[in-house]
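Please go over the structures that come below.
Each of the next two complexes has chain A plus one more chain, namely chain B in the first and chain C in the second.
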Partner chain A sequence: MEQNNSLPPFQGLASPQGAMTPGMPIFSPMMPYGSGLTPQPVTNTNSLSLLEEQQRQQQQQQQASAQQAGVPGGLGQTPQLYHSQTVTTTTLPGNTPLYTATPLTPMTPITPATPASESSGIVPQLQNIVSTVNLGCKLDLKTIALRARNAEYNPKRFAAVIMRIREPRTTALIFSSGKMVCTGAKSEEQSRLAARKYARVVQKLGFPAKFLDFKIQNMVGSCDVKFPIRLEGLVLTHQQFSSYEPELFPGLIYRMIKPRIVLLIFVSGKVVLTGAKVRGEIYEAFENIYPILKGFRKTT
Partner chain B sequence: MVISTVTPNSGVRASRSPSADLWDFFSPCSGDVLALPKVQCPNHPDAMLVEDYRAGDMICPECGLVVGDRVIDVGSEWRTFTNEKATQDPSRVGDAQNPLLNGGDLSTMISKGTGAASFDEFGNSKYQNRRTMSSSDRAMLNAFKEITTMADRINLPRNIIDRTNNLFKQVYEQKSLKGRANDAIASACLYIACRQEGVPRTFKEICAVSRISKKEIGRCFKLILKALETSVDLITTGDFMSRFCSNLGLPKQVQMAATYIARKAVELDLVPGRSPISVAAAAIYMASQASAEKKTQKEIGDIAGVADVTIRQSYRLIYPRAADLFPPDFKFDTPVDKLPQL
Partner chain C sequence: MAYQLYRNTTLGNSLQESLDELIQTQQITPQLALQVLLQFDKAINTALANRVCNRVNFKGSLNTYRFCDNVWTFVLNDVEFREVTDLVKVDKVKIVACDGKNTGNAAE
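And then the complex of A and B:
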């Protein structure tokens, strides 16, 4: 059945099996991450569980159709036909697999895909990664602050040492329990490298520092769709997901459910995506929102 | 008592005992054994009987037949006038309840004694209860009082106060925002109620009458919308025009011109991303500067709650198209090309 080895089968999340190998650009823009809940413009349901159910049904459909199809190798890589992002308001397929046609049957898409819809050529750039690591031993913040360079410690204001390094330009908060938060890196690998450097600094100061449970907690990305957006229209149709209060914040706050991502959408067309634990969620969320934003493009 | 009948169909009725007369007119509903007997006029079974409580009669309005007799009077035993000695109200009924909001507190309490025997030797009253009246809803009653105080300061009508109370009750019963200060929730409910009634108040206006910061009110506002699963309409520039203009003392033509300018500016997308309040303030500035009643940016900023630099920024955006923004029938005191340019 699954003869194709070039692309992994579609899962709910867009991450491949296995850990992410650093340095390799796995998540290129040509791979559509159109899985998950494509936010549908006109739904009257208010509860999240209903939405999740709908989305689960869609995924099951896709799984069923994906299993029927073998993989014609040559057919696989054309994203434009089966990209899941259609502009219809009926139930959208969550993830339309690229290869729905068997070699025997003609290429009839299971769900009608608008031929004009293709993946946006835009890749969100990562701006900030927040990660945590456990150094595994209790630390004396006073000695660290006194002996390390670029460290500040003001126990009355905050109970941690704030250390900065220049190479991956990052900032770390080091707590006396031995836990550390590293912020400011632009990629996962840089964040890990920076955390290791901080751990080394602490180790050189004489503490038996280890490098336990490195985990990326949050990833922030941003991009530009290059056209102005009608936020009022977007908040009218996607009321359950959006919150737009010009008095409080000039951007629209869109809380996407399927990849649990919060997007800040601005009138200028700039989009900030945050709340991701893996890079693929950011890409997936952007691919989900792009057709919706195209629908609310300002015409003047 | 003799029942006076007009034209009895079933012959003349002599005087009988009252109870027998009453029962004659009772007729159970057909086919329904369990139904209570209904009193109805024999000639007009469909007529709704009018109750004359003073005499204790039920009278048919069609023919004037006194159907019921010796009906128990539910009026008060005595007449109460509000004159001196108002503290001693002999009415046993008490205050009007607010059952929608309080949950029907029907408990009674012992009042303070009045005689000499109820005070001990030091002058303190012997029985001191009055403390735990309705502990479960004390916070809610407090909040209602706070809401009424806040609404009073900005002269909000009763319907908005009622809506706010209802919202607060729903939020309070849900307990999802239990950790937040009640005043913050009350202020946010007031903001939502004004929005829902179609007369939005800016966050700064609500801040002015509340002790809570705008940030906290904004946070509670979003939390309440999520908790109650409601949404509110987007604010528009026109919602604030009448209030701002009348606070500034601008005449109706200027207000209408400012409304038109702001609406046109938003339609032509001259001010993308600007808060509607800022656009409204800039429109008021332009309209007032073109009319006889010129207001400064500072005055307008004061009323609208926007900084005068903000008005300046928005004004700079709408100034280039000023000629298109004015309504066609506007009487210019200062022509368009002489409008201030900053």
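And then the complex of A and C:
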């Protein structure tokens, strides 16, 4: 049952780690506290996971009647609350369903017997998404700069056209190779929509633009834990992950290994999370760090 | 070579029209007209740089912008031009701006 480390923690779903996968034990007494590697066990009390728990319970009931359910099939029904552009991962083929049919195995979703901590109830908000797409044809940047609106082109300084649109409020860097970077969107869908709008602008100028290999490269989120944090303490106990140089930068830079996310943690309790390719990584990283931060709450 | 930016102004256009008339009536050659315009460019650039010191503030909302060949083009809406003495309001204004530091590329 010690599968916490090996299973993919999420399947492109936006929920906090651990509560999603039916059958996955999310409480493992072997987990070292505050390792920063994997999540702490939690029962989720935020509304996202409550909804998912209900749905999972429905599924569980379905599967209870079917006994030895094929887990991958069951998981396929798991609703996605956030539409993510990235691939939905399914369980690895090697993993057997964890709730194999022994009559005594509880089929209810894994509410750990004694949860060590509550879930944070705080959801990080996405602030910025960076994505790239290939328009699939060479572009004449001077033509684009002269004919499109809201464009800047200064080849002596930077070899791309910088174009902006108001809805979604984003900025695009368009290169002569036909590749484009789109920044500033607040959600995956908005980023894709914005990139399509830029592609349409380029297309209307007469270039045979396509929309190839759209990929989200980076996602940034932020939230507030609502209590002050002892950064000095945190850097002492988590020195393999943290770097804190108050004379250089007032925030502690925490490089979480799993998921691979960088967090900027400030004394005020504000946290910035970056480096994610999917929304779930942000949520997972925050759920991982929250109990650690609680342990370093300032009491004065 | 000074900016040819100011040829499309009230003053510059009047000059061009007059020169065209003179060319029509064969009083001057087109080459001479071109020289006149070049001299006009130099004169207006130095005049604006040295002999003008009024300050006007303007405020409005940006509709579009463009930067290409070191020339900024803005279109603003609902603009208020404010000088110490008076105030002028316009619905739409197009601003074409070249770099103030003396380079010399003639830019229309």
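As a convention for this text, the second predicted complex is superposed on the first by the 186 of 300 C-alpha atoms of A that agree within 3 Å, B and C clash if a C-alpha of one lies under 4 Å from a C-alpha of the other, contacts with A are read in each partner's own complex, and residues count from 1 in each chain.
Everything below uses one rule, namely that contacts are C-beta pairs under 8 Å (C-beta built on N, C-alpha and C of every residue); 3 or more make two chains touch, one makes a residue touch a chain.
Here the structure is a predicted model, which is why all the values come from computation and not from measurement.
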| item | value |
| --- | --- |
| Superposition on chain A - do chain B and chain C clash or fit | fit |
| Comparing the two partners chain B and chain C, which touches a greater set of residues in chain A | B |
| Which superposed partner A:K298 touches (first chain B, second chain C, both, neither) | first |
| Which of chain B and chain C A:A151 touches, first, second, both or neither | second |
| First (chain B), second (chain C), both or neither touched by A:P250 | first |
| First, second, both or neither for A:K142, with chain B first and chain C second | second |
| CA minimum distance (chain B, chain C), superposed complexes, angstrom | 30 |
| Set of chain A residues, in rising order, touched by both chain B and chain C | none |
| Touching residues on chain A, where the partner in the complex is chain C | 142, 145-146, 148-154 |
| Chain A-facing residues of chain C, complex | 64-68, 70 |
| Residue numbers on chain A that touch chain B, as the complex places them | 46, 228, 232, 235-236, 239, 243-248, 250, 266-268, 298, 300 |
| Complex contact set, residues of chain B against chain A | 202-203, 218, 221-222, 225, 229, 231, 234-235, 268-269, 272-277 |
